[in-house]
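Here you go, one structure.
As written, the chain order gives the labels A, B, C and D, with residue 1 at the start of each chain.
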Amino acid sequence: MPISDCDKMVDIATTLPGLKLKNPTILAAGILGETGASLENVAKAGAGAVVTKSIGIEPREGHGNPTFVETEHGIINAMGLPNPGIDNYKDEVESIIGTNIPVIGSIFGADAQEFEILAVEMEKFGVSALELNLSCPHAKGYGAILGHDKEKVLEITKVVKGAVKVPVYVKLSPNVSNIAEIACAVEDAEGDGIVAINTISAMAIDIDMALPILSNAIGGLSGPGIKPIGLRCIYEIKAETELPVIGVGGILSGNDAIEYIMAGASAVQIGSGVYYKGIGIFSKVCQQIQEFMDAHSYKTIKEMVGIAQKG
Amino acid sequence: MPISDCDKMVDIATTLPGLKLKNPTILAAGILGETGASLENVAKAGAGAVVTKSIGIEPREGHGNPTFVETEHGIINAMGLPNPGIDNYKDEVESIIGTNIPVIGSIFGADAQEFEILAVEMEKFGVSALELNLSCPHAKGYGAILGHDKEKVLEITKVVKGAVKVPVYVKLSPNVSNIAEIACAVEDAEGDGIVAINTISAMAIDIDMALPILSNAIGGLSGPGIKPIGLRCIYEIKAETELPVIGVGGILSGNDAIEYIMAGASAVQIGSGVYYKGIGIFSKVCQQIQEFMDAHSYKTIKEMVGIAQKG
Amino acid sequence: MPKKDNLELPRIVKILDIVEENPDVKTIFFEDDFEAYPGQFVMVWIPSVDEVPMSVSYLGEKKGITVKNVGKATSSLCKLKPGDKIGIRGPHGTFFEATGDSLLVVAGGIGIAPLAPLMENAHNIGKQITLAFGAKSKSELLFINRLKGCSRELNISTDDGSLGFHGFVSDLVEDILKKQSFDEILCCGPEIMIKKIADLAKLNGIPLQASLERYMKCGVGICDSCAIDGFHVCIDGPVFSGKILSELADFGRFRRDACGRRVEL
Amino acid sequence: MPKKDNLELPRIVKILDIVEENPDVKTIFFEDDFEAYPGQFVMVWIPSVDEVPMSVSYLGEKKGITVKNVGKATSSLCKLKPGDKIGIRGPHGTFFEATGDSLLVVAGGIGIAPLAPLMENAHNIGKQITLAFGAKSKSELLFINRLKGCSRELNISTDDGSLGFHGFVSDLVEDILKKQSFDEILCCGPEIMIKKIADLAKLNGIPLQASLERYMKCGVGICDSCAIDGFHVCIDGPVFSGKILSELADFGRFRRDACGRRVEL
């Protein structure tokens, strides 16, 4: 059946608190998000929204190279949160605000105060929502080290919620023993939603050199191999909270996206998929979602959200 | 260079507290370990040691089928610790004690008391060492639920250590925020070594049926896709404890085994590899290790253990 | 066990037809493009219920499994309707290979499921087939027309004497073997019956292939649930040669339950 | 960017030879069986030090990179000895394609590295090559014999006048273009120089291909570190057409530092 026919019957728009997306695909944080022009390209390529690179208070080089290595089942990166700092990032964000899709500002800080400053600035730049990176596994003092701790998650989310009007999503780490508990902390703090998962702490060793390949030794695993873990996280979070969830981890196709949606995600993010398939992946995934919905008589994304939840 | 020549120069024997292994490959718990005859086959196929199925107090059917599903990057199982119970298992173990390789008895219990009973029984059956399963991610009340908790790990290890003479290894879960901390608890309790990693909590959804595939919805991911995560766990544990470590997770080749050894493992276990390559995998991996050592002028396994640790 | 190309993941197939073979047995037809040999089985996923091994009873373009209602999984299968979906993993395992020219096929009840396609294939390439088919009672027979078309001689036994030879199929086979010899015996049914046939085959010096059943979970040779003396019915079987069977201490005597306990047959 | 077959994982190669091209520049030869086109680069892993992009300066069976010592990574590379090992990822990126018959090749300093193999290839298939090669001083030139063998005309400029034309290579090119026309200009060197050549090419209506440098991390188009106005030097470049260059606001003016800050060239 030609796509034009599908179009009439199937609606792939989705909504999240404070956001209306023309389709459920979102560019994940840290991929092509350091510059405004790249974000704009992704928007043009068909994403329903874009997330910026995670931005901190000060300019930061991140870890030395190698920062990227591919394995047979995914990629491992240890970028270490390089970013130009919030002040220098103003121009990048502002250049894409007002294009046709929502921009979600990702921020990371060492404590609630830093998050608050960053959140307020990002909101001023005009982003439609915030994503708190409490989950980067390879930058000392930031990210996962905070996200592993329920109390910190509660505190940071509360402080940011008190400081801004835009919806606040919290991005969680899978490197915990009970991700649903952390999600509950976000709910208690009245966060607006969850993004899961960030990368999984991992490494690769070159046996010829007898050395870890990444300069930081440990990095974050993403890509196709982590999909079963990401799905489980969404499923667990959805079983214990009412919060809307954005699913991310190893999505390369429309079917992958639908697995996430059925596990409970209202929208999905794509990161490593850009490496595997190029930026055409956003429109391709949308087309595949549409075809699946058409073949299986689903009319809206909402009907599918969480239907694989048992009981 | 023909293997016979290698033999003379390269020694792939390895030692662990209380165990001398003719080679570093060990059958992982839960694979072909429910019956004595299967363990014997693995011994004949060239493994350096075998671990039994994890055995509990009472007979247990485990979860209903489907209990097994393959994904592109690994397999997910939710066996749910089926086992005949310690009393019925006596005959199985005893049938293989005295064959040419060490047998390691894996046990799981709901608390320290159950572990103690099981440990004492297993020791009586004649096993060379014990492996405490504190890490199965998909059986309610057992395994990971204990292994996520430092205090419990400390208590159980101490109690078992006090009750038996054979060395006690503790098998850890990667589903925690800091596996090295848990390993330290084992060290504090004077456990003899660490086995890592057990499977990673994961799931697969069939989008056509709109259902999780496994009857238990959530299972444990193993196989090639988890290798980068297992390596990182070994590397982190080795950086913070003096305990010998047995590496497990996604080992399919000699090169995989060497990565684990360089990360810090004194020996390795192979589970899913039996699915991917058949039981010939043990001798094949040994041959590949030997060839690598020969080409790179390593004489003993010990020289390679942990050499990828930085600093 | 070399790794297969396709993933061990249920393929979802739509049920095309359902044929009631007798009051307890139904054949479920579905479209799936795997290639299977007679005696191989598939793991059948009945969503929200169970996943169980089933022999492939029709191997053509339209595949079929023939299910006897004995419990929860099989009764759920028997309740399905055309258009419903099930998941299929496999085909798995070893298969029957008719190497000789004159074959004695011995089936007990639902054990005919993997043997019927073997008979069709062998018949098509000109083998001479004698069938000994036993059931508790006339009403438990199935496939009779299908079997007539491909056997030179069709011998039936029923425990209650409601049709054919009155008694066990093993007794019938004993009679047959007194009169006639065969290049090969191919057999499936309750293990006690297989054991008797194996003894007869040995006594008469005829090679045997027989298909066993054990509790299956993974279906791919790693969980040890289907173990019998170090062999795995899921990958080393279900079809074993008489020679291997004679080395198995548990054969005809013990099976493993879902916990892995060794229990009497 | 369709996914390539080989993994983006350093291949460990052994250094075969090292040739000192001038006091600051060495060519490191190694054996690796990738196929690269002139202008493509590899990510070179210097264990425990860094991973940096380097053009492939020899494309034959023996591969080569030609390294100018400018900092930590490059000085480590220059200290390596035959037998030492490095890691190679790639080749990556776009490449020079000589489509016309008469080519003007313009190189500034180490910018000759990706252009030398282009010249050899083009010369071998009969293209007419004029080279304008500029350096700060005579002692910074390299590859001179190699270049003589494949250019019809070899013009040298030095900023200090120690050899050839006294002045910038862009001034030399301006002179050349006054006398002669070409089908194509191919260029690599400092971006300020490229910018001037791009202006000259435009003025003279000659198609241009030029290779840019940006800070690289992933090398595969996802980290955004090498971004220039939405293009990525690692996959959309390093070789860009004059047409694209003319659309880039940052070209000749801004680069990004390791933090992603836009800084003046």
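Quick note on the criterion: a residue touches a chain if its C-beta (ideal position, glycine included) is under 8 Å from a C-beta of that chain, and two chains touch if they have at least 3 such contacts.
What you see is a predicted model; the values in this text were computed from it and never measured.
Considering the contact criterion stated above, the chains in touch with subunit A and with subunit C alike are B.
Note: centroid distance subunit C to subunit D, computed from Cα atoms, is 69 Å.
Each chain gets one centre point, the mean of its Cα atoms, and the points for subunit B and subunit C are 36 Å apart. Averaged C-alpha coordinates give centres for subunit A and subunit B that are 33 Å from one another.
For subunit A, residues that reach two or more other chains under the stated contact definition are 71-72, 204, 208, 211.
Contacts with at least two other chains are made by no residue of subunit D.
In terms of which chains touch, the assembly is arranged as an unbranched chain of neighbours.
Inter-chain contacts, as defined above, occur between A-B, A-D, B-C. Subunit B contributes residues 30-35, 37-38, 40-41, 53, 59-62, 64-72, 75, 77, 79, 82-85, 88, 91, 204, 206, 208-209, 211, 213, 215, 271-272, 274-278 to its touches with subunit C in the complex.
Those residues of subunit D whose C-beta lies close enough to touch subunit A in the complex are 1-3, 7-10, 12, 43, 45, 47-48, 50-52, 85, 87, 216-225, 227, 229-230, 232, 256-262.
Across the complex, subunit B meets subunit A through its residues 71-74, 76, 144, 148, 173, 175-178, 200-205, 207-208, 210-212, 217-218, 221, 224-229, 231-232, 235-236, 255, 258-259, 262-263, 292, 296, 304, 307-308, 310.
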